[in-house]
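The structures come next, written out as structure tokens.
Next come two complexes built around chain A: one with chain B, the other with chain C.
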Partner chain A sequence: MNNLKKYWAVASISAKSNLAYVGEVGSRLVFLAIILYIFMRLWKVTYEHSGVQQLGGLTLPEMLWYLVLTESIIMSGPRVTQLVDEDVRTGALAVQLVRPLSYPLYRLFSTMGERSVRFVITFGAAASIALVLVGPAPNWHWHSLLFAITLPLAFILDFLGYFLVGLGAFWIEDTSGPMLIYSRLTMILGGMLLPLPLFPEWLQGPLHMLPFASVVYGPARMFVHPNQAECVQLLLNQFIWIAVFAVVVTAVYNIALRRISANGG
Partner chain B sequence: MSLVGVEMNDAIRVSSLKKVFESVRHAGWLRTVKTEIVSVSEVNFSVPAGQSVAFIGPNGAGKSTTIKMLTGILRPTSGSASVLGLVPWEQRSKLAYDVGAVFGQRSQLWYHLPPNDTFELLSRIYNLDRKEYKARRDMLVERFGIGSFIDTPVRKLSLGQRMKAEVAASLLHKPKLLFLDEPTIGLDVNARQQLRDLIRQWNREEGLTVFLTSHDAGDIEHVAERVIVINEGTIVLDDSVKNVRTDFLGTKVLTVDFHEAPHSVPIRGVVELLRDGYKLKLEVDTSVVSIEAVITQVLSWGAVADLTIEDPPLEKVIAHIYSQHKEPAIQGQGSEVAVT
Partner chain C sequence: MLAKVWNYLGLALTYLRFNFKTHLEYRAAFISQILAMILNDCVWVLFWTQFFERFPVMHGWGATEVITMWAIAAAGIGIADTLCGNAAQLAALIARGDLDAWLLYPRRLLPHIVLGKMNASAFGDTLFGYAIYIAFVHPDLQHFLLFSALTVSVAFLFIGFNILVGSLGFFLGNAQSLAEHLRFALVTFSTYPAGLFDGPIRFLLYTLIPAAFVSYLPIEALKEMSLGVAALSLAGSIALTAVAALVFNYGLKHYESGNLLIMKG
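And now, the complex of A and B:
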């Protein structure tokens, strides 16, 4: 109980700190508005030229709302890898380790606090833009809230991936390369710009199974096309991947702790 | 759990503590060469509860490695240590409740939020009773004089204000032992002195054991009562601050301002460092001649406007120790230092 309280306090202060620094999020919103506008135009042309009502099972307004979700998920992602990398490289990890806290859990909860603020702001702005451009989400009903169950799990899974890459700082000079690859994999294979049903058929099965789909495509799909059976499958995938990542992160973290050297004088 | 032979009043007891790092170097495509770097070599010392110790040495001497082992972050290659009766690397979380740490170059305060928010967070992290926490916080706010900026975002504070809040934050959970790593780095003279006074005061009045590393001689002189000097992983000196000053340099610097050009005569054991018009700066070897005798002589050289006696800077003392003790030498005298 006390443990829950302390990590809840970490998430709260992190959220509060990000509220105090909304300016940084604000600057991203301009970028978001431009992206949404460009993609709306691109999809409009694509739909008109192909002469179909639906692409990958989505109409044009649904496609834009799908983008609202995927962009909000990706753009709300805090700099987990960079923070872990910095903590390791500068020796700031020592500050965390002299406290009665688990470092991975500390980072998880502080990331969740930060991300919840960033997601609400980004989603609020993106949804407003979509409302202006194509009107309300067409299929929206209470089932769409299923996405709200899958979203926190998506964030946890996403955190574990980036945290693992950040732990690479114990072995390699710079984690920004692997981080860039990982983030691009999440964007492309997770279906940020192109929903998974638009990928070649032979690729769709494997893509659905990968963790990236559980972070991006899955929750966004639940919002535009809520489906209980799909939701159960998604939750199952998320739980499995979180378990796998948690085991790997714990093992790597324990090995990494033995490698702490006298960084930072 | 306490180690066999640990005296209950020892806050820290270190026995044959050794840390060897392995460095792997690639020597060709498939061949790697392993080299062992001895960071800390068979170190022994103990710190009685309530003592304030300065742990000093040049970069790479093994200070940081030792502190990391004492806080449980690093596991030693061999040897043992007991901190507040616990084995740090095996009981790190448990130890964390009784230990505070201030790292001068790394802040624990949330940058965009007021110090008060970090205090709240720490009260949760250390599972403090709400009522006790509030009383403790109010007391720290008053004693550290941080009330006027406790609700100001940290990014708007001066470094001096921030460091006061840092130290206060690290004392919230009533630690028995405080590790301070370069706490006054970057502070101006005034802020530095205020912080030193606060730490010393806490050490004396609350019985807090202080373990300090610093490159600032003033920190050591004003905060610590005992100095442990480490170089190349070995303790080269362990003695009281007072003894270090007298034993290893045994000099005082006397600066005299005259109303007229002084008619000085040479004195045995006194070296003239500077003569600038009416000003005279002398280095007095107190093992040869007493400072009082020199002052009596100086007063006869002309009408004196001002006179100051200073201790030599500790940097100079330490440099002297390094030059004299290339080989591991004086050790273990620290246990004779009186506990205040």
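And now, the complex of A and C:
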């Protein structure tokens, strides 16, 4: 119980310190508006050209609201890999290890605190832009809140992936390359730009099974097309992948700790 | 006049050699960043090629046009950030008062600052741009020469734009976030067919966010083998760079020293 209090305090401090930088969101709004406008134009032309009402089971307004969710999930992601990389390379990790906190859990809760604030603000801004561009979300009802259950697990899973890449700093000079690739995989294979039903049929099955879909596509799909059976399946996938990543992160972290050599001073 | 141009070309080559040697000191990180950027670009091109093949929504836009657009944009950004990597950091340098050290250098201030840093991953962009253009478009010598000239024109555009948005720091104090998002906006608009947009947004793409000089005019010039359109594209880049230099020099009068003590080798 005491442990939980400690980590809760870490998350809450991280959230509060991010609330202090709400102004920074203003300029992010410009970029968000541009992205959503480009996609609205692209999908509008695509729907008109295809001559259909639905693509991948989504109408044009649903598609834009799907993008609101996927963009908010991606854009709210904190710099987990860079922070771990910095901690390892600068030796700041040695200081963290002295504290009565588990370093991975400290980073997890700090990230969750930061991300919850960033997501709420980004989602609020993106939803306002979508309201202006295509009106309210068409199928929205209370079931749409199912996405809120899946979102924290999506964030934890996302954190574990980036944390694992950051631990690579114990072995390689710079993790920015692998991080770039990992983030692109999350964006494209997770369905940030294109919902998974629009990928070639042979690819859809494997993509649904990958962790990226549980981070991006799943929660966004729950928002535009809430479905209890799909939600249960998504939660199951998320739990399985979190367990797999947690085991791998723990193993890699323990191996990495043996490589730490600190000088006093 | 000509002697002056040679003098500055010599300065650019010296900085290029120095910056390259600096990166070679961290060879593994340098190579991994280049490879990651190439892989990142490949992922996007593959994705958008598939998209426009599946939904041929833009009249006359297929895989060749998508690849040409990405090749020009990537090579242009690559050359810009390889040669003048500090142009993208200008807002941060101004905000921190980091210009002090550069003010002591002989010759004009702006070339020294922008040439002072090389972005390692930009090599990947440049290599990628030229490689996919040669491998997938199979240009004849004339097309290749025009393509090369256009990538230089686009590079000038990006350098000019980076200087212009970075110089906002002279007037706003801290313009880092705004400059970064405006840069993202230009890159984002530059990687979508300009034909998607009409009305005021089209006007915007020739003025405030000059992406039409990246994703529209150069593609048209290559399609039609038109030197006139290519000249128009180059004229836009030169005009923007000239305006950027004027704004920078005007803004410099507002610069406030950071009283920063740093060692520069």
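Note that in this section the second predicted complex is superposed on the first by the 259 of 265 C-alpha atoms of A that agree within 3 Å, B and C clash if a C-alpha of one lies under 4 Å from a C-alpha of the other, contacts with A are read in each partner's own complex, and residues count from 1 in each chain.
Keep this in mind: a contact is a pair of C-beta atoms (placed from the backbone, for glycine too) under 8 Å apart; a residue touches a chain by one contact, two chains touch by 3 or more.
Computed from a prediction, not measured in an experiment: that's the story for all the values here.
Undergrad: With both complexes superposed on chain A, which partner does A:L101 reach: first (chain B), second (chain C), both or neither?
TA: The first partner, chain B, only.
Undergrad: After lining up the shared chain so the two structures overlap, which partner does A:A92 touch, if you call chain B first and chain C second: first, second, both or neither?
TA: first
Undergrad: Return first, second, both or neither, reflecting whether A:E201 touches chain B, chain C, both chains, or no partner chain.
TA: In the superposition, A:E201 touches no partner, neither chain B nor chain C.
Undergrad: Return first, second, both or neither, reflecting whether A:I34 touches chain B, chain C, both chains, or no partner chain.
TA: In the superposition, A:I34 contacts chain C only.
Undergrad: Check whether A:K16 is in contact with chain B, with chain C, with both or with neither, and answer first, second, both or neither.
TA: Only chain B; A:K16 stays clear of chain C.
Undergrad: Does the superposition put A:T46 against chain B (first), chain C (second), both, or neither?
TA: After superposition on chain A, A:T46 lies in contact with chain C alone.
Undergrad: Which of the residues in chain A come into contact with chain C in the complex?
TA: 24, 27-28, 30-31, 34-35, 37-38, 41-42, 45-46, 48-50, 172-174, 176-178, 180-181, 184-185, 188, 193-194, 198
Undergrad: If you look only at chain A, which of its residues touch chain B in the complex?
TA: For this pair, the touching residues of chain A are 2, 5-6, 8-10, 13, 16-18, 20-21, 90-95, 97-101, 258, 260-262, 264-265.
Undergrad: Where on chain C is chain A touching in the complex?
TA: Residues 26, 28-29, 32-33, 35-37, 39-40, 43-44, 47, 51, 54-58, 121, 177-178, 180-182, 184-185, 188-189, 192, 196-197, 201.
Undergrad: Give every residue of chain B touching chain A within the complex, in rising order.
TA: 21, 39, 59, 63-65, 68, 71-75, 92-94, 96-97, 99, 101, 103, 105-106, 108, 110-113, 117-118, 120-121, 124-127, 153, 179
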